[in-house]
Amino acid sequence: MMIILQIILFILTAPLLSGLITKIKNNLRMRKGQSIIQPYYNLVKLFSKDEVISETASWIFRVTPFIVLSSTLAAAILIPVFIFASSAHHMGDFLALIFIFALGRFFLALSALDTGSSFGGMGASREMFISSLVEPALCMVIFAISLQFSSTDISAFSGMHAITVSSVVAAIALFLIVIAETSRIPIDNQETHLELTMVHEAMVLEYSGRSLALIEMASYIKQMIFFFLIAQLIFPIGGLPLGNFVQMLLWVLWCITRVVIIAITVALVEVSVAKMRLFRVADFLGFAFVLGVIATVCAILGV
Amino acid sequence: MQGIILFLLLASTYLMVIAKRMPALIRSFRYQSFFLFLVTFLAAFNEKVIELYVVSGMIILVKVFLIPYFLNLTAKKINLDENLGLFVNSQLSLVLALIFTYYSWVLSVNLGFGQGSLQSVAVTVAFSVIFIGAFMMISRMKAFTQVVGILIMENGIFLFASSASGGMPFFAEIAIFFDIFISVVIMGIFVFRINKLFTHIDVNKLSRLKG
Amino acid sequence: MAIFIILGIPLLLAAGALIIKRERLFGVINCLGYFVVLCFSIAIFKETVLAGHIRVLFNFIYLDLLSVVFILVTAIVAIAAALYSIAYIGKDIEQKIISGKKARFYYLLFNLFCFSMFCVPAVNNLGMLWVAIEMTTLISAFLVGFYNSKESVEAAWKYIIICSVGITFALLGTILFSYAFSISGLSKSLNWSDMVPVAHVLDKNILKIAFIFILVGYGTKAGLAPMHTWLPDAHSQAVAPISALLSGVLLKTAVYAILRFGIIIIKSGELTYFTHLMILFGVVSLVISSGFILIQKDLKRLLAYSSIEHIGIISIGFGLGSPLAIAGAILHVFNHAVTKSLMFFGAGNIVSVYKKHNMNSIRGVIKVMPFTGIMMLLGVFALTGFPPFSIFISEIMIIMAAFNNSSYFIAVLLLLFLAVIFSAFIFHFGKMLFGNLPKGMKIVGEPLSGKFVFLFLSFLICGVGIVLIFKYKDLLWLSQRLLQG
Amino acid sequence: MLNLLTNNLFLFDPLALFFLAVIFIVSLPSIVYSFSYLKGEYSTAKILLAQVLLLAFVLSMALVVSVSNCLIFLIFWEIMSLVSYFLVVFDTKQAKSIQAGLIYIVMTHIGTAFIIAAFMILHNYAHSFDFFAIKNACQAMPSQTKDIVFLLFLIGFGTKAGIVPLHIWLPYAHPQASSHISSIMSGVMIKTAIYGIIRFVMFILGVNSSWWGILVLILAVISCLVGVIYALMEHDIKRLLAYHSVENIGIILLGVGLAMFFTSLGLPYLAVFSLIAGLYHLINHAIFKGLLFLCAGSVYKATGTRDIEKLGGLIKKMPQTAAYFLLGAMAISALPPLNGFVSEWLTLQAFFLGAFNVIGGNKLFLGICAAMLALTSGLAAACFVKAFGVTFLAKPRSHYAESAKEVALPMRIGMLILAVLIVIFGLAAALIIKLLARVSGSTLGIDISSMTFSLNNFTLAPQTARNIYLSTPTLALWLLIFGIVGFVIYRIFGRGKSVIYKTWDCGYYKLDSRNEYTATAFSKPFRVAFSFFLLPYRKTQKIRESFYHIKSFSYETHTTKVFKKYIYDPVLAIVFKTAKAMRRIQLGSIHLYLGYIFITLLLLIIFIGQF
């Protein structure tokens, strides 16, 4: 029951978050910008359009959207939103999360190669490159966090907990990782379709219509999940206080605001820095890894 | 008496060292064998051992007559130039020979023969003859010299045997004689073959098989 | 009395070689003769194991465990060589390489050679031992120079000269021994059986010097480096069956001679001296041979160098001196004799088909003559000490002994150089046996008697390897008594 | 006191049984596969020979893991190497296979030399070759000796297992053997080396100092990374797989090394847990690597080339093989819910749990090792995207791939069996881990009756830390549900229809296979990122008609094999140089030879005192 609710919530709110970020970015750039709910329009439009499937593509290309979506949703139900432990936490832990995301990415990359267009190959290559560099950093961060809570269970740090140095550093590292994972500037650029710069977009270039909609959906949700993790790490919050309506309202508000704060930060970063060369990504993620190590050291020292 | 003979024997060995040409070498080998015979004969005379008489008889028969004759014969058959072809020139060879003599004197002392006793002299001479023989084999090019070298060494051994351990058991002695003679003959045969195949007996040039 | 048959039959056969005019027939008779010899040598082995030692003919012939082991090895290799000779000489006659007359000459020498080698372990008198060994040299010189080509005559010359020089030193050593014996105030004799009991009273200093002469002298014949130089030439030029006899038995007879004197040294309480010298020469041989094996181009020379290597291992084994090591060494004598004969026969077949010694121009043997090829393949792995073949067992014993004596350095050297030599062998034979065959080469059949001898030897190689694991205890027991005389 | 043999020659403890199981699980499908794989390759007689050798090979491996006596172990170990050597050089037509065989047998023989040395040292203490006698004797052994023996074993077995930098033979030997052999070699044979390490170091010798574990961990991490990075650079599909064997051996050794580490620190539960992880990955790797090699073999059989740059589009030509390969690729890239995922999760978990229980710097060390493992799995995923994508997807790149057909039934059956096993070992993790717990418990001599590793039959749950769970069945279920959900959404809301049309070509009139992304291009970012280790260099060649017009332009990029270039080649060069120098002492002059004798004599007499 909880799970269904949570999923529906994610599906409904995830595009909004993306829209929000775009809006903020535009405003920061002194533009009027599209409406916040533009992503919904896009999805609806995509669903109503025909889709073109490349003749060279095989069944891999067709099943990929579903696998991507399902893997993302599977990750989503691991995240504790309403209560301390998500009701699916017997399914896996923080480490499982890495691998679940890997599943979706694996197929996305394959589907990109499937069409035989050089864009797809380029995108796949770059995506796998970035993600394979992300993994150690992510692992290190998780290591730091789990050292702090002496468990790799995600629910372990849901609920009120002290904000330590280690968790702050870990959060920063995680933030860098999220930028890479959600294909934002300076790693990637969601808005461009310039073959030199695009990574994620290049991979899904051949997708159109409903399939594209599903994939877009998946990436929105993924972004949501990561934001939740960071939020829970640095703005800890208790479970939903049932009963008292006002408290519930406040809880929900705080829940939303903390995510929004992170969204704003992302937007700020995106407008303030320039996209970096592909081969600089290694340094960027290396930095994230080092932050992870520092977080670990802090955790060991107990600060 | 014996001392003098031993000295002559050594002298004849040195003669061989400085010999440059084939006949000289064979001649001095003949001398050496003869002195060896004298030594053995005297030993026999002193010790009154019948076997030693026979042995000395065999020496004079085999080593003084048969073998040098056979060597000369072969030398004549293959009309080779008579130079021995020295790696080490005769003066230096002589020096080395003296060193060997000293070395063998040390050795004889090591072996615990009384200082200055006739026996120790004999042993010294014996060893130096042996070493010089080996040295001849190494430092002379021609196949013949190597045959002669082996004979010289064997002479040395005989000297040692008769002077130190008073000779070996009789039948062993005989067998060894026989053996030596055969070996010389066989070597002679191979010298023939070499001469036939290579048209020279300069064994230094025999270096097809290497590595 | 079996010993007289063993010594007699080769002489009779030698005489027969002069009389009987039909080589092929005589080859068969030859084999039968050596089969009888083999049977009797097994019999005499049994007898000696039970009796301890046998003396016959006024103590002129003296057999103990050591000597019967060597007689047995000689007998086995001899019959193998006799068998192989039928095919090999037959082929040579067909191809007009040698005349029938020369074939009979071959058989004459073959038998005399075998006779002299049977004499070596049999005689008691050390002087006669020397004579016998010198005889082996003189006779085999003709067999080395058999084909009368430039190379073979050169090889023969080097062989005869170097070995004679060496053996002359050995004679000196022998006389020194007898001198030591005579000054000890005992009766004047060269009989080994007389010397051993009184070994402890002999003058150590003289014995030591004497043993050096012996070791260098007979070591030359045994092919211990650095006196080994004649060996590759002689082995590579000899007639194939004779190569097998040379490296299988002749070297071992020299080792036997060294051991005879070594036992006296040990008895006189100079064990460490003996140990050090043997191990020194063993290691040097191992090292030098491994280098030459690595860069060798000539097939038969390769095998010759491997003989040097194995002699090195054997002398290390005897040098280590513990019962285990000696068991290993004796076993190695046997295994190496058998395996190396197989390899030489195989090499003989290959050379006679390819008409070349150079390994770079020999390719695809497996295809050209499958049987020989496969046998060679087995032989290579047997020779380089792979289980389940017998050499593995003996080598492992020696290594184990080295570890037990906690002489780790030797053990490490052994392991290292065995690995190097193994690599070299695979490097050479891999290309030679497999690979594409050169142009104009076509599949050829092999005569039956040839095949039979291969099977016989490979049976020994595998069989011994497996049996010995289980008969281990008895072997140790034998080896403990081996150096007791 | 010296007896080579004891009465009980065989030892069927859980460890041995486990390895026997691994051997037969992988060997049987390969044998099934081999029947139609060999058909048409060789003559009937040779096929017969091949099958006999194959059986001998399997048998020897089975004996290796089940004997209880060092000497017999050694014998079967060598026989195993011998037979596998024959199988490598089986295709005697190619000089390459002889070369490969040479490298393989030499390396493995050198390894064996180390093992022999170790056995002999042990024998000195135990005066017996029996496992248990030695095990007892090891109690009284001084720790320095133990360290030496451990190192000897590590080098000896490491050579067989292919630990970096002793791995060089793998990429030569595995591709040259015919595919079902490669699948057994890579799937099982190198595991016997792991068996050796577990049996002799952990079971017999007993871990007593913690640096053993640390050393193994470091080597394992290096092997993981080096293996996978080289694999990324490969275009020969079988070499690629061979390098992945190096990587996976690394992962297995991570588990084993952790077990050693924890044993020495006295953390029994964690030791058992890590060994479970290692063993689990061991059997998983056996399965999926076996499958992948069989698939590679099918591709080779169907197309006649192993160079993936020449392949492509095979998923339409040979759909079943493609499906199996995909499954294998997913498993080896540790994607849920398949078996590779489970064992890598367990290994990572072992690191994390360890970190919760050790103190100080060790935490950080474990963490970094874990991160490196994560990196490895990420790179592996990238590598298999490349391998599968380039081989099976898009358009055929050459005539090889165009003429491909699906392979014969027995081959498909062989692959099917392993594919099914992959899924089973993924989903039934909780059941299998119970068995493995028994194995590793008995190996480490730890009583596991009080330990629990799973919540129920579906959920893994390590004991020492607060509610950590993994349930592959549930995960699989949810993935399925959400997949269906996605499909439903796709169907219901999607009003448009699907059109089949050309790939978008930026208006270029005809897009063909030459426009596809190649494997080289795919691995470019990695080549650049790891250039400090790969030392890539390129050969470019221009053929100009005139100064202005270049007729053709060829460009190839290579990477330097650092270990071969900077370790093995120099050593070889030195050895041969010395040998050649040695040759000069024997140039055929008889006088020189006589001189040797004479000088030896004189020297010996002079230095007589020394002996």
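The letters A, B, C and D name the chains in turn, as written, and every chain counts its residues from 1.
Rule of thumb we're sticking to: a residue touches a chain if its C-beta (ideal position, glycine included) is under 8 Å from a C-beta of that chain, and two chains touch if they have at least 3 such contacts.
A quick note: this is a predicted structure, and the numbers were derived from the prediction, not measured.
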Shared interface partners, meaning chains that touch subunit B and subunit C: D
Most widely separated chain from subunit C, with each centre as the mean of CA atoms: A
Between subunit A and subunit B, centroid-to-centroid distance (C-alpha), Å: 101
Between subunit D and subunit A, distance of the C-alpha-averaged centres to the nearest whole Å: 34
Distance between chain centroids, defined by C-alpha means - subunit A, subunit C (Å): 79
Rounded Å distance, subunit C centre to subunit D centre (Cα mean): 45
For subunit C, residues contacting two or more additional chains: 157-158, 161, 165, 209, 292, 295
Shared-contact residues (touching 2 or more other chains) in subunit B: 107, 134, 137, 146, 203, 206, 208-209, 211
Contact pairs between chains, per stated definition: A-D, B-C, B-D, C-D
Interface residues, subunit B side, partner subunit C - complex: 107, 110-112, 130, 134, 137, 143, 146, 149-150, 153-154, 157, 160-161, 164-166, 168-169, 171-173, 175-176, 179, 182-183, 186-187, 190, 193-194, 197-198, 203, 206, 208-209, 211
Contact set on subunit B toward subunit D in their complex: 87, 103, 107, 131, 134-135, 137-139, 141, 146, 203-204, 206-211
Contact set on subunit D toward subunit A in their complex: 313, 315-316, 326, 330, 333-336, 341, 344-345, 348-349, 352, 355-356, 360, 363-364, 367-368, 370-375, 377-379, 381-382, 384-386, 388-390, 393-395, 455, 459, 465-471, 474-475, 478-483, 485-487, 489-490, 493-505, 511, 513, 515-518, 521-526, 528-529
Touching residues (chain side subunit C, partner subunit B) in the complex: 125, 127-128, 130-131, 134-135, 138, 141-142, 145, 148-151, 153-158, 160-161, 164-165, 168, 171-172, 175-176, 178-179, 182-183, 188-190, 203, 205-206, 209, 232-233, 236-237, 292, 295-298, 301
Complex contact set, residues of subunit A against subunit D: 47-60, 65-67, 69-71, 73-74, 77, 85, 88-93, 95-96, 98-100, 102-103, 105-106, 109-110, 113-118, 120-122, 124-126, 128-129, 131-140, 143-144, 146-147, 150-153, 155-156, 205-206, 209-211, 213-214, 278-279, 282, 289, 292-293, 296-297, 300
